[in-house]
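Two complexes come next, and they have one chain in common, chain A, joined by chain B in the first and chain C in the second.
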Partner chain A sequence: MTTTNTHDPSSLDRIRDAVVGQSNSRRALLLMAPLIAFELLVFVIPFFILLRISVASGSADLPYEPGTWSLDAYSSVIENILSFDLFWSILVYSFVLGGAVTIVTVGIALFYAYAIWRSNGLVKSLLLFSVILPLLTTLVIRTYAFTPLLSPTGTVNDILLSLNLLSEPIQFVPGTVGAGIGQLYIVLPYAVLAIYSVMATIDWDIVEAARDLGASRPRSVVEVVVPQVMPGVIVATVISFAWSVGSYAAPGLLSDNYTFAIYIERLLLTDQRYPTAAAFSVIMLVLMLISTGALFAILNRFGGDFDLA
Partner chain B sequence: MSEITLHDLEKQYGETTAVEDVSVEIRDGELLCLLGPSGSGKSTTLRMIAGLETPTSGTISIEADDVTDQPAYERNTSTVFQDWALFPHKSVLENVAFGLKMRGMSKDERHTRARSMLERVQMGGYGDDDPTNLSGGQKQRVALARSLAVNPDVLLLDEPLSNLDKRLREDMQIELREIHEDLEETFVHVTHDQDEAFTLADRIGIMNEGELVQVGDPDEVYENPKNRFIEAFLGDTNFVDAVVTRTSSDAVHVDTELGTELVLPTDAEPAVDEGTGLTLSLRPEILSIDGETGRHEPAGKQAVATDGSAHNAVTGTVENVIYRGSTVRYSVSINGSSMFAERTDASTGAHAAGDDIRLEWDGEDVLAFSDDGTRVTL
Partner chain C sequence: MTSTLHRETVENRVFRASYLALLVFMLLPLFVVVVTSFSQAGRLAFPPESYSLVWYGEFFESTRWLRAFTNSIIIGVGTALLASFLGVTGAFGQELDTDDSLGAILQPLVLIPLLIPPVVLGITLLMYFSEVGLRGSYASIILAHTLWATPLVYFVMRSVFSRFDWQQLDAAHDLGAGPVRSFVHVVLPNVKHGILVGALLAFIISLQEFVMALFLSTPSTTTIPVLAWTQIRQALDPMVSVVSTFLILISIGAIVLAAIATNLEWLSKQLS
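Up next is the complex of A and B:
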């Protein structure tokens, strides 16, 4: 062996690999540059501005006092929350609405995705199309459309009254139920698509194998479809939850209640208390991150074999 | 261990008939191979036994119980699927234990049994593995263990070996055969590979175009096929068109496209009339080349072959020689028609293209089929 050869091909190869490897990573960086610039411009920089405002002190005639440093906004928001005052009730209302909407949305989306998965031909196309269809209407119109449907003199109450299921009309809109339904209708298409995209990759054979081995129809779905579709369920849950806790349009149009997003708007535009609004936003963001992380951890447990009992 | 009866089973998908008039009694503890080309309805028949398809008409019973309307999960049948259908999110052990879990067995108990099933298929060390990381042969073993773990009345195998390479497939055939002999359970195995069917089966059921054409022991269907389709499907043969020219009390004389008159001996009064068109089947193993037998024949056959009364022979020119490893195949031109013959020993008595050779056979060994493909017993 010519190990003393100075033109050792392996070291040449290593150098060549390093150069090629670097040019590859440079190319990757170059390809990502527009995306990075976009993210910096519309997310990272505004977020740091928000953080900066949250630690500025308030002012009598300006939204905030530029150049000042103060934790007053945080201490007042946290104190308000800990004394179960307005901020606390807004926070709880937002999370309860978001949680309820998420649970119902993901449940419906699972069934809907399963129906699309199991159908063929025209039915499948129709089901898929009807998921996309609402997205073609502007959000305000399709949310407002629930007012004639759900108001005390609306279609749903008319039907329930004429069937004698109700003695007097229920006020869904304006109200929390209406806001929840409106929000569900906003996030449902995304949840269905997130779950269906994963479900479509599952082999029907494994469901047959489960039934062949003695699993009843519902059991076979729970045992082999749900665990495999879990990545889609997690995505659907996070989309629904994050969007619904921060919901603005549906509760704004269909209820008189304050969700956190609506209250932030009021703090900014009516009360002109920028540092308080920013501090409340940052606190909500932290809470959202914590709860999303917890969701991931819980849902991931259902990815493998599990006992129902 | 159970006897299964299929009665007039039929399955239609819209206008197309996938399975028609299938009736068969599958014996307790036997290994029945359903053999047929793709689209012949063999998998559909198997899936109806499993309960994964509902028959359009007809009945299925296991032992004395009519299970036709029972869903798959209520039947004590178990299927090994073509692509094995292992649960990708469960470990190998959990896969094997799944059927027992569905039967309400406790975790310890089912895992113990699953482990012993994995040992049985030589996959003992793989319990904690992710099934997606296994090789084809290993997945096959796990699927087999999973199906056997529930101790089914009948094990249904839907071409489980067809995705394996040739060598592994042959090993698995032997292993399946051994497992079957060991367990003495009823197996129904679907395949399109006649070698696999002959290797495995106690009995073979041959399917074509949705119908079960013939059921019988492997040697019976090979030597006594019901129609021309089976003769063609179960191995290579020479089909020769012929017309009956004369019948006598113990023989049928035919004129063939080979240009020679052949004599086919009969045991009784011939059942064909003069002028009837026939297709004769001359398998390569009944042909001897220049007096030497092409393949090693069973000892019993030799005695018949020396009987001069049924002796037939043609002479032709070798067109090409194909070396096939254990055999050499000669394509022979005889008066413009082509036939092939084989010899097992490649080194001795080799012929080259252009040589004249003489093919001889015993008329007793020739099978005859009528124009519509049905077997004519001469």
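Up next is the complex of A and C:
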């Protein structure tokens, strides 16, 4: 190869240019191929199978009847929802829990990210550490630790009772309050990091300028810092909402209520009703997609209105 | 003047008290887990009435837990390897790509699995793996975890590659290095700490993920979080705290390793 090259350098250059120019995009394609193949095989195709099973008919002895086409699963789920039956209450509970957790999470995350941003030295490291450490722990364990804390005989009730703030213990766990706190604890670290990563790029002088111009401190934060971290707030909101509406571990361990995730598991593993489980999943995914899109649009507008830059 | 000063100190105090309260909230559950692992009683209570290492002894005698531990490590390593390979090649390919049409599809496609409730992903993959006959294998859980770990590796690598000076690669090509050689000698030394951080992230994600694993595992492939979940629902004994303490330690170890790796990189740059 090298000998031919030295004989005819000009043709070599042409070949080399052609090879490099062409092969760059071919090589890029070749490099991306495994990832694309993986996403197709493990994500896209499975979803088509989920869709396919959602339009198959149920069967008495099999999870579903292969090769059949039927909209029974959809019509039964939608009918159930429209008559405010079990599926409706599960749907509402999932969205109310998810919405409430999202609002509280984003509020706290904004404050905590601000505290990290404004602190320095050891306090800053400690605050960051407190966000990252829970991320490294499995959510089963993060959630389970709330049981001895929040149960009627737990630590929090003991303290409140001994301070005479309560006359009888409150049952946080099992209950919706406990599930909400557990879920908040699961998503809060992600929300804080999403907001902090944007906040860290803001110039503090802008806030200082607002204060020099007479803005009070809370006002300078709300009107100067918040609009600038809107991209982080949007990410935090979308993540918290998607994960909390679909929450499974926290409500499963800390409450007796059904979220849709828990109910789908039941439909699938206990009742073996694959088409119904698939149809309910598809419906919930569509509803989540719509509500996340709406949230996104609202927050984007809010961010735009306040944009100072 | 005095009133504004007074207001500022009050504000400061409220501010500090609030974030310290949140700090306690963030660390308290983990603290509870570690402390209760040293409890002597069979019932989970915080604070425990008496302390001992009984449950640590139980752990090392329990074949179920040790088995789950091995499973978790196998699946974690598998996920780390697969996710790093996919994430690194994908991000590198996208960096080389001259037109962005494929990348415009790839990026959201890689990201979307993160936003789908894990239960839905779990049942979807359960149905799929039953169809293709992978159900009950390590591979099924590794593939599922890779679906979640890949986006992180991919985005870490994209940011690492975006800081890489691509003229160096062109220079290597001009000097006659082939694509593999130029990658190994020119690109790799610059991005290897990024790859390590990505792989460790993938490992940690796999180590903690449990919803998908719950659907996909069988008694012989049960991972630690799944076994913890089934145990917790039967009885609240401190064994889960012991296991959790080990998991926390492993994760901290992984982070320290990543920090040392990136720092050594920094150190070697300072010295050379």
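Annotations
Heads up, the rule we're going with is that the second predicted complex is superposed on the first by the 272 of 309 C-alpha atoms of A that agree within 3 Å, B and C clash if a C-alpha of one lies under 4 Å from a C-alpha of the other, contacts with A are read in each partner's own complex, and residues count from 1 in each chain.
FYI, a residue touches a chain if its C-beta (ideal position, glycine included) is under 8 Å from a C-beta of that chain, and two chains touch if they have at least 3 such contacts.
In this text the structure is predicted, and so the values were computed from the model without any measurement.
Clash-free side-by-side placement of chain B and chain C is the outcome of superposition onto chain A. In the superposition on chain A, no contact is made by A:121 with either chain B or chain C. When both complexes are overlaid on chain A, the residue A:142 reaches chain C alone and has no touch with chain B. In the superposed three-chain model, the partner touching more residues of chain A is C, compared with the other of chain B and chain C. Of the two partner chains, neither chain B nor chain C is touched by A:67. Judged by the touch definition given at the top, the superposed model places A:35 against chain C, while chain B stays out of reach.
Closest C-alpha contact of chain B with chain C, superposed model: 5 Å.
In the superposition on chain A, the residues of chain A contacting both chain B and chain C are 217. In the complex of the two chains, the chain C residues touching chain A come out as 8, 11, 15, 18-19, 22-23, 25-30, 32-33, 36, 44-47, 85-87, 89-90, 92-99, 102-103, 106, 109-110, 112-113, 115-120, 123-128, 131, 143-144, 146-147, 150, 154, 173, 179, 204, 207-211, 215, 224-225, 228-229, 232-233, 236, 240, 244, 247-248, 251-252, 254-255.
Residues 203, 205-206, 208-217, 219-220, 223-224, 227-228, 303-305, 307 of chain A touch chain B in their complex.
Within the complex formed with chain C, the residues of chain A that make contact are 20, 23-25, 27-36, 38-39, 42-47, 49-50, 53, 108, 111-112, 115, 119, 126-127, 130-134, 136-142, 144-149, 154-155, 185, 188-189, 217-218, 238-239, 242-243, 245-249, 253, 261-262, 264-265, 268-269, 274, 277-278, 281, 284-285, 288, 292.
Within the complex, the chain B residues that touch chain A are 50-52, 71-73, 77-79, 81, 83, 85-91, 94, 98-99, 102-103, 107, 146-147, 150.
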